[in-house]
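I'd like to ask some things about the structure below.
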Amino acid sequence: MELNILALCYLLGSVSFIIGLKMLSNPASARKGNLVAATGMFIAIVGTIFLYQENGQKLHNYSWIFGGLLIGTIIGTVMAKKVQMTAMPEMVSLFNGMGGACAALISIIEFKHLIEVDPRVFAHLGYAFFSHLDQTKLLIILLGLIIGGVSFSGSMIAWGKLNGKIKDFSFKGQHIFNLLLLIANILLAAYIIIGRPEQSPFYFYIIIFLSLLYGVFFVLPIGGADMPVVISLLNSFTGVAAACGGFLYDNKVMLTGGILVGAAGTLLTILMCKAMNRSLKNVLIGSFGGTSAVGAGVAITGSYKEISLSDAAVIMGYANKVLIVPGYGLAVAQAQHVCHELEKTLESKGVEVKYAIHPVAGRMPGHMNVLLAEADVSYEKLLEMEVANEEFKTADVVLVLGANDVVNPAAKSDPASPIYGMPILEVEEAKHVIVNKRSMKPGYAGIENQLFFQPKTSMLFGDAKKALQDLLAEIRSI
Amino acid sequence: MELNILALCYLLGSVSFIIGLKMLSNPASARKGNLVAATGMFIAIVGTIFLYQENGQKLHNYSWIFGGLLIGTIIGTVMAKKVQMTAMPEMVSLFNGMGGACAALISIIEFKHLIEVDPRVFAHLGYAFFSHLDQTKLLIILLGLIIGGVSFSGSMIAWGKLNGKIKDFSFKGQHIFNLLLLIANILLAAYIIIGRPEQSPFYFYIIIFLSLLYGVFFVLPIGGADMPVVISLLNSFTGVAAACGGFLYDNKVMLTGGILVGAAGTLLTILMCKAMNRSLKNVLIGSFGGTSAVGAGVAITGSYKEISLSDAAVIMGYANKVLIVPGYGLAVAQAQHVCHELEKTLESKGVEVKYAIHPVAGRMPGHMNVLLAEADVSYEKLLEMEVANEEFKTADVVLVLGANDVVNPAAKSDPASPIYGMPILEVEEAKHVIVNKRSMKPGYAGIENQLFFQPKTSMLFGDAKKALQDLLAEIRSI
Amino acid sequence: MNQILEWISLHQEMIYVVVLMIFVGIEIIGKVPSVLHTPLMSGANAIHGVVIIGAIIVMGKAEEGNIAALILGFLAVVLGTLNVVGGFVVTDRMLEMFKKKK
Amino acid sequence: MNQILEWISLHQEMIYVVVLMIFVGIEIIGKVPSVLHTPLMSGANAIHGVVIIGAIIVMGKAEEGNIAALILGFLAVVLGTLNVVGGFVVTDRMLEMFKKKK
């Protein structure tokens, strides 16, 4: 009877995950979707605690279980509540690592269990019969361990990189080295499963070590800016590791939840790459991004012109419509609040101000939306790319704040450019374009930007926050 | 071993159905998708014939099986190859009915089998134990019978209606009558399953009869023009009936294939209704459509003007761009070939001619595409609704051929109109509109059309084929 | 209630397959363009012809002497084949019409 | 080969569930707008925290005396909970930011 109820709980859990994820992929229902999935998870957890039985035996160690749940809940909630909005991806990475570690730990415990209960598995001499099931079990345990381990250490590195604590690091032949690590790991695992040597426990520890190492070296060489993609990939890894647990315990909700995330996460990773007009392979090998600028494409010649603060202030103060294009530079400079100030000041002078948001502006999808929301910019002022591209035509001034690739016309005109084909914000349609950045250095994709050399464009050099503050003062004084 | 291969066959079959259906829902891959699904079906069938075992026993009666397959294949292929393009929905309906009948027959045979093998099931006295499984089995058998039966008889009626052999028929209180039929059926089935009376076989025959009857009365009152929707619904019924078979034999490919069609078919039915801006309930109750015109909406006043053949010929012959809007009237008049003639003649005079295709113009989705393709109109000339609505702005003449609802501006302007909200072809954007139909009678939705009374519009009365022939002659003579 | 729960637990796997398949079916159709409604309906129609497998099993299990079962089974096989073969062929013909012409 | 076939046949139901779930996962994400990528990733992250159930089972089965298992299990429960709770809370906060303001 109790097991029957548990089966129903798990069914509910699985369905809620699917529906929740479905709702999460639609802006209107996303928040509710998160709640639906959380409710399903709650049902599955409570059901497990009170109803789970194995060979007629219920779970015990309730104090340990509740203790762990309590500690995890408190720490998790506090961390999640305290984190800065822009530090979201690193937080997700950290939690993802925890999940991976959890899966790996389960594998470790079950492996020990397997040796204790059935030492025959590893006394490969002296018995004719060996159960088919144990081999499958062993396979799953090792799979969960490897994937969980990689996901854990990889996530920690990703976390450190986004934190700025860990720097990019790569050496020649690193990809070969990684490949060798992986192959060694797989061979060892296969040896344990098929060969069942007596030293299995020892090899098992080596596998743990190699998996962690692989995770580290897998993520280390990838540019910090590409971390959201990597995290999404590791996310789907953890999903598969969780599914291994589902196989192990013949537990439907773990299986379905894990596979769901594994599949959805993989697709999401690919979609993320596509939105930046890159391939997954490209991201993982780290060919551009970071410091390794390639600078392909047509060589750019010509001169650019600078604009003084006062001139910029006058043009904007007397304009009818100003569109602001925020980019990565705005985010690093933490200039979102000054930007909002500027917007209000201009509006008080009768200027219409809106923001043109490119979907991959910044370093994580939705970065700009989150950032501006944090600074209390009203949602109606944020224009999506398609809408913005219409509005530029009627704008007097476009103010580009620390954005570069997302306004690079090469994406439309130069088939040799690495960002060719990526949809961009067509700021040139406006009457004037003012670009704020610190220098003429390229952005994330490491390529020159023809926009800066066009007659319409004038440059306003300086750190975004500082420049905006000065601009604000000037505008107020006219 | 053989059973293991069979399991793999079934897995392949299931996956191919999913992938095939997925590809079918995209214009570019649709044809390949159909092939993928067919291949999967072939694998599943061949696998079943040669590998299926029950209690260690293989299938026998091979000559019967192959005989049946051969006959079915020949008849099916010939019918499918010979059918007229515009008679497609009735063909689908016929085949759907065959599937329903097949499911019902299986249920009948298995029911007989159940009585013979286990007479206890119906000797409700004298035994304490009764197997749980048999009850589930009985439930599934009866479900398959009822659903399959309804699908069969309903499809035959739908077929007859589209053929024109069966006329609309309804009497007062028919919906109540149908409901009673259904309830009686369900009660009888429940009685057999729970009560297990000795006269079960007799009741079983009554259920067969009632199911067939229900199918007939379910479809009879629905307007002939709504048949595609009804067929889609019956289609998903047959899917569920097939899934019942899957339950019965614990056969995965039947289960997955059946459920897939059941779910997809239900959604498709709803989407079809949506495309016509109606609700499923509305279609099933048959409130509009057929002859029962409602004529809601703003009363239309004003007068229309007619145009002579020669005037029409002159306007079109000297135009730069003519857009043709084909509708249901063109289809009934079988005027697609003349229409193509007209197009070629105009082009030879230097006039640019294109077709504006509304997705629900005609009586089945894609009706116009199929029709014009049949007359060898080149695909590039067919504009989808969105594109067409842009092109109207630059067109000199729009020739509306037997279309009515799909060009009715009330869908945009009059919230009280039953078609309000349906996207339409905005023909008024053009300089002149010439409308060909036989009278001022309304179309499918039974409502007046303000378009006909506008100064831009002139009417060209007459059967589409006849009118086009005359028009063609006139144009050739100028 | 208890019985229903037991039934669910007993047929768990089946239920998961059914539930997931429903999701797949619904998601796959998603936003299909109206023009494809008829061929899609026809293709789905062919797929539920998988019921033919049930007919084959019934036919293949029928005892030699059981005339009723043989005849009904034979009929089921013929009808099922009609559904499958006719369905796929008709769909193919329809889609041929939609094909872009060079 | 033979063994693999047997394995497939033995774990048939599981395989169906896995295969269908993959289709569901892929179809569901479909064409999600880029702006939602981060919250979606975060939400998916919380869902794979379902691994906590494995941790609870391991913990609940550990024998009283087996200190190693107890400690490792406890750690697993804590980490798993972090993943689940932190994941859902962080996602909720993110989505709050996207909410239309009145």
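By written order: A, B, C and D. Residues from 1 in each chain.
By our rule, a contact is a pair of C-beta atoms (placed from the backbone, for glycine too) under 8 Å apart; a residue touches a chain by one contact, two chains touch by 3 or more.
Everything numeric here is computed off the predicted structure, so don't read it as measured data.
Asker: Determine the set of chains touching chain A that also touch chain D.
Answerer: Output, common partners of chain A and chain D: C.
Asker: Is the number of contacting C-beta pairs greater for B-C or for B-D?
Answerer: B-C
Asker: If you average the CA coordinates per chain, which chain's centre is most distant from that of chain A?
Answerer: Following the centroid criterion, the farthest chain would be B.
Asker: Quick one: report the Å distance separating chain B from chain C, using the average Cα coordinate of each chain.
Answerer: Inter-chain centre distance comes to 16 Å.
Asker: How many angstrom lie between the centres of chain A and chain B, each centre taken as the mean Cα position?
Answerer: It comes to 45 Å between the two C-alpha centres.
Asker: Between chain B and chain D, what is the gap in Å from one C-alpha centre to the other?
Answerer: Inter-chain centre distance comes to 41 Å.
Asker: Approximately how many whole Å separate the CA-defined centres of chain C and chain D?
Answerer: That gives a centre separation of 33 Å.
Asker: Specify, in ascending order, the residues of chain B that touch 2 or more different other chains.
Answerer: Touching at least two other chains: 18, 22, 252, 256.
Asker: If a residue has to touch 2 or more other chains to count, which residues of chain D qualify?
Answerer: Only 14, 16-17, 20-21, 23-24, 27-28, 30 qualify.
Asker: If I apply the definition of touch given earlier, which pairs of chains qualify?
Answerer: A-C, A-D, B-C, B-D, C-D
Asker: Within the complex, which stretch of chain C touches chain B?
Answerer: So the residues of chain C in touch with chain B come to 7, 14, 17-18, 21-26, 28-30, 32-62, 64, 68-70, 72-101.
Asker: Considering only the defined contacts, which chain D positions touch chain C in the complex?
Answerer: 13-14, 16-17, 20-21, 23-24, 27-28, 30
Asker: List the residues on chain A that touch chain D in their complex, please.
Answerer: Within the complex, chain A contacts chain D at residues 13, 17-18, 20-22, 24-27, 30-31, 33-35, 37-38, 41, 44-45, 48-49, 52, 54, 58-62, 64-65, 67-69, 71-73, 75-77, 79-81, 83, 85, 88-89, 91-92, 94-96, 98-99, 101-103, 105-106, 108-110, 112-113, 136, 228, 231-232, 235-236, 238-239, 241-243, 245-249, 251-265, 267-268, 271-272, 275, 357, 359-360, 364-367, 369-370, 373-374, 378-379, 384.
Asker: Quick one: which bits of chain A touch chain C in the complex? Just the residue numbers, please.
Answerer: Going through chain A, the ones touching chain C are 1, 3-5, 7-8, 11, 14-15, 18, 22, 252, 256.
Asker: Could you pull out which chain C residues touch chain A in their complex?
Answerer: Contact set of chain C toward chain A: 2, 5-6, 8-9, 12, 15-16, 19-20, 23, 27.
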